[in-house]
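The data blocks that follow each hold one structure.
There are two complexes below, and they share chain A, which is joined by chain B in the first and by chain C in the second.
Take a look at the complex of A and B:
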């Protein structure tokens, strides 16, 4: 029973972070039609900035806010300086096939990931460093047993659930949220409605950048920080997004928690070495049973 | 007045509009008819900024709209309802409508609500279904929704692309009637593209006949309708 509870708690906390990463991927995929492989590179970069600020004596919370803001700004810059010019119809019309045109942003995002990792290595040296947690990382004691569930886990879950709730409200209740959804679903109809789709698209990038930076801040206290540490998080987050349905924000959240649980239960009941095998199994299973993910749309989309 | 002069639009080596010139009078219904592939949709898409013209000019009320972005052209009072009941299926009826007035919601808050009430009055079926997803509507209702989305942006010029496509005759009549009433009562200028020439010429004041990207006739609608030679040559009935 103790093992079960432990796995459940740890899975919730990890799952919350993967949900955030997956949500970041899904928002840009829907908003701009691009799979952003650089996402966790951006998160790594802004976490390094936070780390440097803390080392230089700034408070954790200031660094926390700055890192999220930097994440958002990096997202917008990536859109305006790289992705928008690359998706320019006139400039890419020489490329005959549609799939080649779709491959350009993917290659670009991989390139940016490489550049960010190299830059981080040059600026901050490539060895691992720790990243602080704002709350204690000792487990709660329940009936004399130390549980693997800490105040920091409570913090992680609270922050992520609040973010998810606010995001949902923003998309459902505000005009800008409606404009962003419309752009994602059908940008031509959105433009004909007077929505400035370049702006709403940049907002998607900003949102995704902020969400992944938050994920970076929340995961590095337990995994340390180096230019490459978040690669694994991207892979897991990507799996979560595909499992949930790449075009569904709600699916991303479900996928994140599901994958978090799988990882946690496998490492508690089996061994941590089998974690990736288990994720791969879940991914293949979902792709066979529901190729579009748990909440993915049917073929009727893209009209 | 909408003035189109020597408009050329091409896709690669295919010339879709080959020097099109015509005018659409204010507060009148002008219809553009012609066979499939005549360039009717391209014409509307070029006016609304979705396609880029290679040369020529488009002016509305004396101001050039050529080269402007689609989203800014809407804001300038030209609304386009593209072919195929263009609504967003995953959004509710209400959301589809309010989408069209998002850009006005700060400056004209009261009027945004009034505009929504007006389209619900024009198409009461949409009011009943306001909470439903647009994807659950019938073809006719979707077309009404697409028109409503355009109307709440308070256009002076409405570009309608094949509103009758795939709809039952009774529904077509209802939609065409609504457009007619709007034009006559509010002074809206309408540019109506139709393959169904008879219906279009029946309601329009003026008709422009396109064939292979060129204007072959530009006359009062009643005259065009009566010209059996033209009909036989270009419309095949």
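Take a look at the complex of A and C:
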């Protein structure tokens, strides 16, 4: 029973972070039609900046805000410097085939990931460092028993749920959110009706960058920080996004919690080493049974 | 009709054979003039060239982006290492059997993944690249976990020594890799020039049009995976022969290295695959040669090759997605 509770709690707080990562992926996928493999590289980079600020004596909260802002700015820069030139490119022979048009941005994002990781290695060295948590990481004590649930977990879940709620409100209630949804639905029609699609695209990148930086800040206190630590989080986030449906933000959240639970139960009841096999199994199962994901629209598998 | 296609096939084979012989002579000339360190580097080029060809065929020719070639390399490497250490086979027997093993893995992957497209396929194969090496710890008793299975190219047989004299270990590495690289090049060239290659390109450019012209694209897609897996498995087996077959030898970064090489050189051509492999293998040495006068700290020099190759990758896709060999490609297509 204790193991069960521990797995449940750890699955909830980890799942919240994976939901955030998946949300970041989904927003760029909807907004720009690109699956951004560099996303957690951006998060790693901004978390390193936060870590350096804290080591130099700044407060955690200042570093927290700066890291999220850096994540957003980095997202916009990537869009303007790399992805927009790619999509605006005159149709060269290589880009004239439909499969290569989908592959080229993936390759570009892998290049960005490589650059960010190499830069982080050069600037901050490759060895792991810890990252502080703003709240205690000891479990609550209930009736003499230490529960596997910490005040940091409460913080994580609160922050993530607030972010998700604000995102939903933003997309549903504001004009810019509506414009972004219109661009995601059909960018040609959106442009014809006067929406600046380049702007909404960049906004998607900024949003995704900020969300993933937040995820980086929330996950590194339990996993340590090195240029490569967040790669695994990206893989898990990708799985979560596919499970939920790549084009559905709500699906991403459900997928995140679901995958978080799977990972947590596998590592508590089996060994943590089997986590990747479990993720692979979940991914393949979903792709065979329901390729569009739990909440994905029917034609979500765009090429 | 039949006679025409037959003579065409002959000319294709002759063309591939010419390319292969030219390639072998070039490598032998370069190899005999290099000192041992660069001979080992050249052997590495040949080994990775086979792996890069697997990316060229899968991604460049048939348009399926896989980030999991390293996992197929691991399958080839482990098959070979198990046959060599447990059954005592020589590498000349173990490697062909390992290729069969990785072809089966490719079939499995093809059947499950060939219906995925674009980022779905890339992500799934990336998860596979991460998950497969962890099997080594799952089946500890056979695969020996993180420790891995030590294997090497051994020593040349006596007839070789009698004929050509005693080669250094590095030179022998090169001579073991060369016949396999030549065979891989020959087959890749044949495939690209033949009807099969045209079918794959048709699938890449437009699936619907290809299928309307009578290409059974789901079967061909699986076939591409199998062929690409044989290349990757061969490359992985030879890669393991450099000393160890273990999870640390086939990391995800190896898959990304193959993709980088293929894109830098030109993802649609065999020549590009070779150029790209030369670039990624020798890049650290070139950077070292250029910057050795600056006293760089270890921290910087360790990451500089990765930084440069990633920057080159981004610049290639943004400025010249056809790669180094791309100009040649354009001329070819505009006729």
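FYI, the second predicted complex is superposed on the first by the 293 of 303 C-alpha atoms of A that agree within 3 Å, B and C clash if a C-alpha of one lies under 4 Å from a C-alpha of the other, contacts with A are read in each partner's own complex, and residues count from 1 in each chain.
Quick note on the criterion: a contact is a pair of C-beta atoms (placed from the backbone, for glycine too) under 8 Å apart; a residue touches a chain by one contact, two chains touch by 3 or more.
Note that the structure is a prediction, hence the values are computed from the model and not measured.
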| item | value |
| --- | --- |
| A:175 touches, of chain B and chain C: first, second, both or neither? | first |
| Comparing the two partners chain B and chain C, which touches a greater set of residues in chain A | C |
| Which superposed partner A:195 touches (first chain B, second chain C, both, neither) | first |
| Touching partner for A:186 - first (chain B), second (chain C), both, neither | first |
| Partner chain(s) touched by A:289 [first = chain B, second = chain C, both, neither] | neither |
| Contacts of A:232 with chain B and chain C, given as first, second, both or neither | second |
| Touching both chain C and chain B, counted on chain A across the two superposed complexes | 93, 301, 303 |
| Residue ranges of chain C touching chain A (in the complex, touch as defined) | 59, 63-65, 67, 112, 116-120, 122-124, 126-128, 130-131, 134-135, 137-138, 204-207, 252, 256, 259-260, 263, 267-268, 299-300, 302-304, 306-307, 309-311, 313-314, 317-318, 321-322, 326, 329-330, 333 |
| Footprint of chain B on chain A - complex, ascending | 93, 175, 178-179, 181-182, 185-186, 188-197, 297, 300-301, 303 |
| Residue numbers on chain A that touch chain C, as the complex places them | 29, 34-35, 37, 82, 85-86, 92-100, 102-104, 106-108, 110-115, 117-119, 121-122, 125-126, 231-232, 235, 238-239, 242, 246, 273-274, 276-277, 279-280, 283-284, 287-288, 291, 301-303 |
| In the complex, chain B residues that touch chain A | 12, 48, 50, 69-71, 74-75, 79-82, 84, 86-91, 95, 98-100, 102-103, 105, 135, 149-150, 153 |
